[in-house]
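What follows is a pair of complexes built around subunit A, which joins subunit B in one and subunit C in the other.
This part shows the complex of A and B:
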């Protein structure tokens, strides 16, 4: 079984995010990148599927940050067998239409049985990479998936619906799957293994075509503007307690028994 | 059935009806005996898996005297000691997957008393490293590893904000990159003093004291990373090496004469582990550094602190590096303080539970012991009538404050020595 996992890096949300001077994007110079959390789950689910049914996992992404190698080495340390990156002149955090086109072209030649990717990513909240690639390659797509089992030339896929409902799909291969969560927490890659991969592993480089573009542009990016502020009360616990009691009385939030 | 009983070979159990020893007939119903015990009744494969590892060899040297069991801080709150580990492994228990693997805090009290020099400070990291390589890591520890790898600190805080604490100090702590000149002292602040709310209190106190003493110092700010040594002891050697390379590059980038370190773990790392990677420079823990300035510092300590204070020796300052006196000299320099010693002090000091990765195994350790080591320790401080438990390791303030609350000893005040000095200095 040939599994292909599509990954991308997103801004590290632990850091404070700054807007660029044009006010249309994040200030990418002030950012650190981490692997998209949902892609980490896609990779885990792929490695679990390989461990269960055999095969090989290939990890591939569009290198828009110049730092994708680190993420690919980590994926290899976690159990992926091959890694590839698509290179070209792309803006950091290139839009999902562009990435979908590039990835679809690249994975055609890999003849995958299963393509897995994160169901969404924190940077664009688009959730379209999976569906668009399925459309480009004319393959079925199932999204918001929390478990994949491959047997007898078919994939059995568990999908999460709203309201706590689950459904199980039977899909013919090849298939594109948008992973919400792996059925186990993503494994840890020891740094010594990652460093070993960085020294020894070969990353295939694929020259990508032109950026397709999404047909839309960001007019303005801004931080949420707060409408009102919380008031912080200082003082001893007794003083604060008195203020709370006074406020409750003033607003009539508690009724005394007659 | 007890472990190993299935391995007893019945044909070796003999009962002789008539038995004469050196001409004396000792026949009787009682003389049922086993032949000489064959210790290879046990499959020693598990023991050999440990001793085959570089660093794991000395587990085989144990002759079961049990001296370690009496001093092991984990055994005091649970059922665990190096001797027990040796025996269990000898009888076929797999240490690589046993919960026992994660309980050792590398406090070194066992090695201090061991006549055979069985070295758990080498054995445990060696076995843990193998466990980490196959993905067998308790989830809370894994989180700390991931945070350290991603953010350069185990608290998962942004690297960019590593020097944000300085804003709270009300005094400068110049960053070497901006200073653009050599300094006398490179102050390595450390992760917990940079990010943990109670650690920041100690960092601010240190900055005020250094400035009051006129110390020419600088910090690395965002170029500083966690030292990584506790992660190494918890089995993540690669992470340690990566951080050490980054830190050494940052240390070598600037000109300075001597490094002063806030935490004993970092002090130990730079003094004893980084030299193996080519970094060897003069290092001092802040307690020794301040004792050297005591003539100048003492007249500044104006406000008496009229409290009974006991001091908790950090394992990595005391046992690992032989420094017991400097912290006590600083406490004695503050007028009003009555210094009382706990039973377990100095060379036999108890462990707070935070070393060797224990800092990030709190829930795990709690599941496998009767109480936290920190809880045992605050109870001891209270037993000795202390008002204040003084510490000088950034792991300890939050550990002991939490333990004081969880054991109902809220009245016990936990303070870093830096905070006590600063309080006395500020009047």
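This part shows the complex of A and C:
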């Protein structure tokens, strides 16, 4: 079984996100990039599927940061077999339409049985990449998936709805799957193994074509001014605990009040 | 692709599951009616189903297009994608509105490719300014708003649950029933079954208080601290997605978009940053108290009270206070 995992890097959301002087985008140069957390789950689910049914996992992404190698080496250390990056003159955090077109062109030749990617990313304002890839390649897509089992030319996938409800689908291969969560937490790769991959692994480089463009133009980016903000309690944990306990007591919800 | 004869129609996709329309359907419909009247067109709800005409009759759109076929009995992303692609090409609407939901996220960006129309996701604000559409998206985990205009006049959007009020979308409309405009006999995606949430564990939707924990808990060894507080309060521990994904608590404890919606009297959000997906599940709580070391965490915009101390110090202190009264 040939599994392809599509990954991308997104700004580290725990950092302060600054907006550029034009007010239309983030100040990308000031940002640190990390692997999209849903792509971490896609990679895990792919490696689990390989371990269960055999095959090979190829990880591929568009290198918009110039730092994708690190993510690819980590993926190899976690159990991917091959890694590739698409290079070209793309802005950091290039739009989804652009990345989907480039990825679809690149993976066409890999004849994948299963394509997995994160169901969403923090920056995919112009849409999630998975369904676009599926449409470009004329393949079926199921997203918000939390479990994949491949057997006999079929993928059995579980899709989540709201309220804990799920649906099971049976899909004829090849298929594109948008992973919400792997059925096990993503594994960690030992630093020594990542270093070893960085020294020895070969990353295929694919020259990408033109940027497709998102189809819409951001005219203003801003931080949400919330209508309200919590009343903040200062003080030590004991003082805060006192206030919380008092509030719960006031509502008559302390056990002894019951 | 150029849309030749664009109309001023606003098309919305009605969502239903298990014989019930989802709230997003009414939220989209209400907003669609407002925008359609600005554009000088009609708000048309599209409902795909099998024997589901009675559902279509409760949507307050200007009209409802009900596509009936056995292949549409339950949501199927491939079948929905095909039907919607055909309808959009045939009707050339000005705007197509989907939910940024489990269903809408399977469809929107794919429809952008199959119809050639721009797509804007995570929308929580939509306005027509002098006839032009402006869509505001909530991105980067709720930390940033991006206001965008589509290139060209027609556009697809997916809107966040709760972004628009649902009241204006309820009511009744004339329903036109049609057969699918495309063949659905050769689908590669087959719906097998719905799986109900597993029972047996505590029902977090029925608790007066929830001790809800997020990444700030650090590791599974600290869950006990939250359990002890919950025990002292006579309530239960719930969690944000990362905790249940990591297997530290069962899935039945997850609050949020794909977990459960809770409305306790007091919601203690400890170490939860407040991603939009989480906020969706707990914004109905009567009183929200958030504790997070990051003073800029979005959870503080929703909480009534907040503190930035370390939750790992706070948990035992609060347990002690509750026990001693």
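In the analysis below, the second predicted complex is superposed on the first by the 222 of 258 C-alpha atoms of A that agree within 3 Å, B and C clash if a C-alpha of one lies under 4 Å from a C-alpha of the other, contacts with A are read in each partner's own complex, and residues count from 1 in each chain.
To be clear about the criterion, contacts are C-beta pairs under 8 Å (C-beta built on N, C-alpha and C of every residue); 3 or more make two chains touch, one makes a residue touch a chain.
Note that this is a predicted model, so its numbers are computed, not measured.
Annotation for subunit A, partner touching more residues between subunit B and subunit C: C. In the superposed model, A:34 makes contact with subunit B only, not with subunit C. Shared-chain residue A:193: touches subunit B; no touch with subunit C.
Residue contacts after overlaying the shared chain place A:22 against neither subunit B nor subunit C.
Using the contact criterion defined above for the overlaid structures, shared-chain residue A:14 touches subunit B and also reaches subunit C.
Judged by the touch definition given at the top, the superposed model places A:185 against both subunit B and subunit C. In the superposition on chain A, no contact is made by A:56 with either subunit B or subunit C. Residues 14, 16, 185 of subunit A lie at the contact with subunit B in one complex and at the contact with subunit C in the other. Residues of subunit C that touch subunit A in their complex: 17-18, 22, 74-78, 81, 101-103, 105-114, 117-122, 134-135, 137-152, 155, 158, 161, 187-197, 208-209, 232-234, 241, 245-247, 251-252, 254, 257-261, 265-266, 268, 287-291, 294-296, 298, 300-310, 313-314, 317-318, 320-322, 325. Touching subunit B in their complex are the following residues of subunit A: 12, 14-16, 32, 34, 185, 187-188, 190-195.
By the touch rule above, subunit B contacts subunit A in their complex via residues 132-133, 135, 137, 139, 142, 145-146, 149-151, 156-161, 236-239, 241-242. Only residues 11, 13-14, 16-17, 19, 26, 41, 96-97, 100, 119-120, 122-132, 134-136, 140-144, 156, 158-172, 175, 178, 180-181, 184-185, 213-224, 226, 228-238, 240-245, 247-249, 251, 253-256, 258 of subunit A touch subunit C when the two sit together in their complex.
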